[in-house]
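By letter and in written order, the chains are A, B, C and D; residue numbering begins at 1 in each of them.
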């Protein structure tokens, strides 16, 4: 999560945040109006006895919307979603808030979907192992066997669910059952090359993260790297986003680009694209796990 | 300032920020403790009847420090520094705050110091003319005549104060007099190649902005571009910072780098360095003018 | 041109390139085949007594094409295009070359077209004045009066040719006459907001340079910055290219991007876009003036 | 190697480069003088019957030096280093060349040294497995057991050679013996935290690749990330270089930087630094394996 640094001597600080288990994040969006920051801060401090560890806000001036992420610490006894809900609901209703409260513990349950390109999966598994991605990696689903050795090495359950023209619906039913059984919070598409059905997408709104290549200018169609290569682009990019029913048009979470050389051949472009995809996907997953993303009106606010 | 967008239809917003003359920025740093955000927001909203337009905060976890920038709108009558001071002082004292209140109007008075390299000056003048740098450009000082035509073109008063071995103190006295007479708020060193005396620097703490080249690794000594070229560096950079008595070691405001090619000769490096210097200096000036920089412990917090 | 550095002590070098007036650049593209480098180098060295100062080559592996840029120095007497042509033609024909020979002197004649956004113009004028753009800046054409003061300041002839619904053809006739009378080599569209006719474009193939914004993903239509802002993109870009009859789809010369913050409002996006446009256009112009660009199959090879 | 693309249909090309086993790379540096390109190309084409696939050259104008990388294809019979040497030696002597001829096959033998940070190792192993790093990964050496599971997973021999105050010389002797027995061509220090002795370094000149973090400005001493964090730098970087006896001061191969946020704590800086180190080290290794690096005068020429 990065905001609270285990091992750093904080004896000069007045706030004791040593008890990580009591840390919560409150995400809010509502119409912008006078007194919002004060009203929310007051509730947390005076009525709820919270220590505000971090408060970020953002306005969408055009739409007149207000967004806030507050990370706070409370006593164990207060760490109860039902209790918080009862206390906060009147204020939330009055200010027309959409809001979500989450606790740092237990960690979120994550499922990774992958096909035969393994660069994003290998990157996520290594980052998870080194502690960069604080979550419970529940299982990996793939329509290929290629990922099994990596899954075995990192000791993550692996489900091989091959897809063909006739069994697509059936496979999705199995996938959804797996997600439900494991109480999965977020699905990461780490170069999973199958299109998810609208029903699947609707079941996990703002909870499916995908990554794809991006170009300046954009190239549509089946072979964008070939088109970009033919046009002689000087930069290639990658975009991570939440999956919506409109393919690859969901809210953008993160983007990055890299310069390509005219000596780069098609395989070089694809390799550079892979390096970007890994970075851009892992940033999106890290921010999602830290409850740092608010999504609205097909865009995102990132509190990073 | 960019936060409030003239011409954007905000009829959906509940806050009326049409009266720009009433906008103020409050910058605070103090020891981190429970209830800070609520206390400050409450004062502004309940006691001072302000609309909070934007509130950013930052913590230095290691040092236990809290930083806040609040942009708010008030009635004309409240826009009085003395009145605000009287009302806010008790809270500020209680919470051990360093604080500074500024109003968007009148704009700050800026003086630019320049020598014979004019790229940063030309850039600042053009940005000022197009409205990117909302300030009153009071005058330009130079130890060379080279900048005079640009100053004349943009109709900014120009003071030619040549420096030699024997008149350095005398010139500084003249410069300081000019700054005082014009109530200058901030001095921009746009490639001014003379070292300012400790006395000069102490007169304008956190109010003199400089830019210099940066390298990976760093090269010290008289001719850093030559050293970087000799070592075959692949990147060059530029850094803008507040001037302190330790030359080029003041708090960093902004940095950027660019890739260089092995075909680049020394003049190419210097030209690429110039492009960076313009960007990095203009960003620093823009943030300073928007009261977006808090400086402490030889580093900066940027609220951008 | 950057390859030969005035002021650098080259007493250790065996080649005397002090006489810049004798420097020439030969650009070649032809079908890739065995012995090309040797054949061309032999001609220049043995038959033409040239000193090769710099030789870059590039292959398009897919299309089987070979590209070469050779910068060489010759005796005054050899610096004659007709003489070179007579000597080189047999080899060129045998190897099916497209080729072009140019001399560093006289410099190319450049015309700049501009409308009411002046940031690219101001940048080009300043770079020209400081020697970064070695060319003869013949005149500026604009459909607005806004650029006249800058033109006057830099002492470049200014032609005000306003465009309306009924005089478009007539204005183009005047523009083409101006270009012809001044033997213009290259036209730089520095945010010129009028579409050039196919006839105009065909008159100056690979000799009209334009710049436009670019986005990931691309947004088409009238107000791309608004669309990009609405989508919440994290990066914006700019692209410089040669103008072809297909609007904004000519061979890409250079691209760059910059990261945007979610606090950036529409004017901030536009300002950051302007900074990119200046950089990306000036690089394209510099490379073109150095005969560093070969264009083929709607892409470019850059020898930089 | 990227220049020749297996699977790409080159039926339009006149050169048949289908037989990859016959591809060679010639690297040359010598005093710059007239006729070099022609002389070398002539030798290869006329005397040696080679197809030049790619020829890059570079001049160091200040030092009067010429560098060339030529990739060419020959008949099987010509692919003999002794034969080439006999033929080329007279020309090389006449032109005072340093030169090196290498063949694409057999691939180079690589050893990786690593300590307890595994991010670079994991990245190199994954890239090797996916074919991005065409080499024979002979073995991994470590002074810790941490890397063994990764080595086992990728089926690379692993040698655990713990180092303490008293056995340093002895361990180096074992390491050098392993390198010699396996005819290692290049040693990659993938975050190996032991300093190699001058004797070790001299045994593999320009053949040991290291990576380390870089900062603007540079911070020396034991804990550079802490120093950079304390100074509030806005960018961090990484540098890969050849190891020389002067620690971390060998010829720079590649550098890159990334922007850091003021919300980044020390662990975030270190994580971002790791991401850079992986990229910057893998690029250096890829270029070295493709014989794309020429090192001289403590800098490098990269033919990429």
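As a working rule, a contact is a pair of C-beta atoms (placed from the backbone, for glycine too) under 8 Å apart; a residue touches a chain by one contact, two chains touch by 3 or more.
Being a predicted model, the structure only gives us computed values, none of them experimental.
A.B. asks: Could you classify the chain C-chain D contact as same or different, where same means more than half of all interface residue numbers appear on both copies?
C.D. replies: Mostly the same residues form this interface, as more than half of the numbers used are common to both chains.
A.B. asks: Centre-to-centre on C-alpha atoms, which chain is most distant from chain D?
C.D. replies: Result for the farthest chain: B.
A.B. asks: In angstrom, rounded to a whole number, how far apart do the mean CA points of chain B and chain D lie?
C.D. replies: Chain centres of chain B and chain D, defined by C-alpha means, are spaced 43 Å apart.
A.B. asks: Can you compute the centre-to-centre distance for chain A and chain B, using the mean CA position of each chain? Integer Å is fine.
C.D. replies: Those two chain centres are 35 Å apart.
A.B. asks: For chain A, write out the residues touching at least two other chains, lowest number first.
C.D. replies: 3, 5, 8, 61, 263, 265
A.B. asks: Residue numbers of chain B touching chain C in their complex, please.
C.D. replies: 2-3, 5, 8, 118-119, 122, 126, 130, 132, 149, 153, 261, 263-268, 271, 275, 279, 304
A.B. asks: Which of the residues in chain A come into contact with chain C in the complex?
C.D. replies: Chain A reaches chain C through residues 58, 61, 214-218, 230-235, 237, 239, 251-252, 254-257, 262-263, 265, 297-302.
A.B. asks: Going by the contact rule set out above, which residues of chain C touch chain D in the complex?
C.D. replies: My answer: residues 3-5, 8-10, 12-15, 31-38, 41-42, 44-46, 51-57, 59, 61-64, 259.
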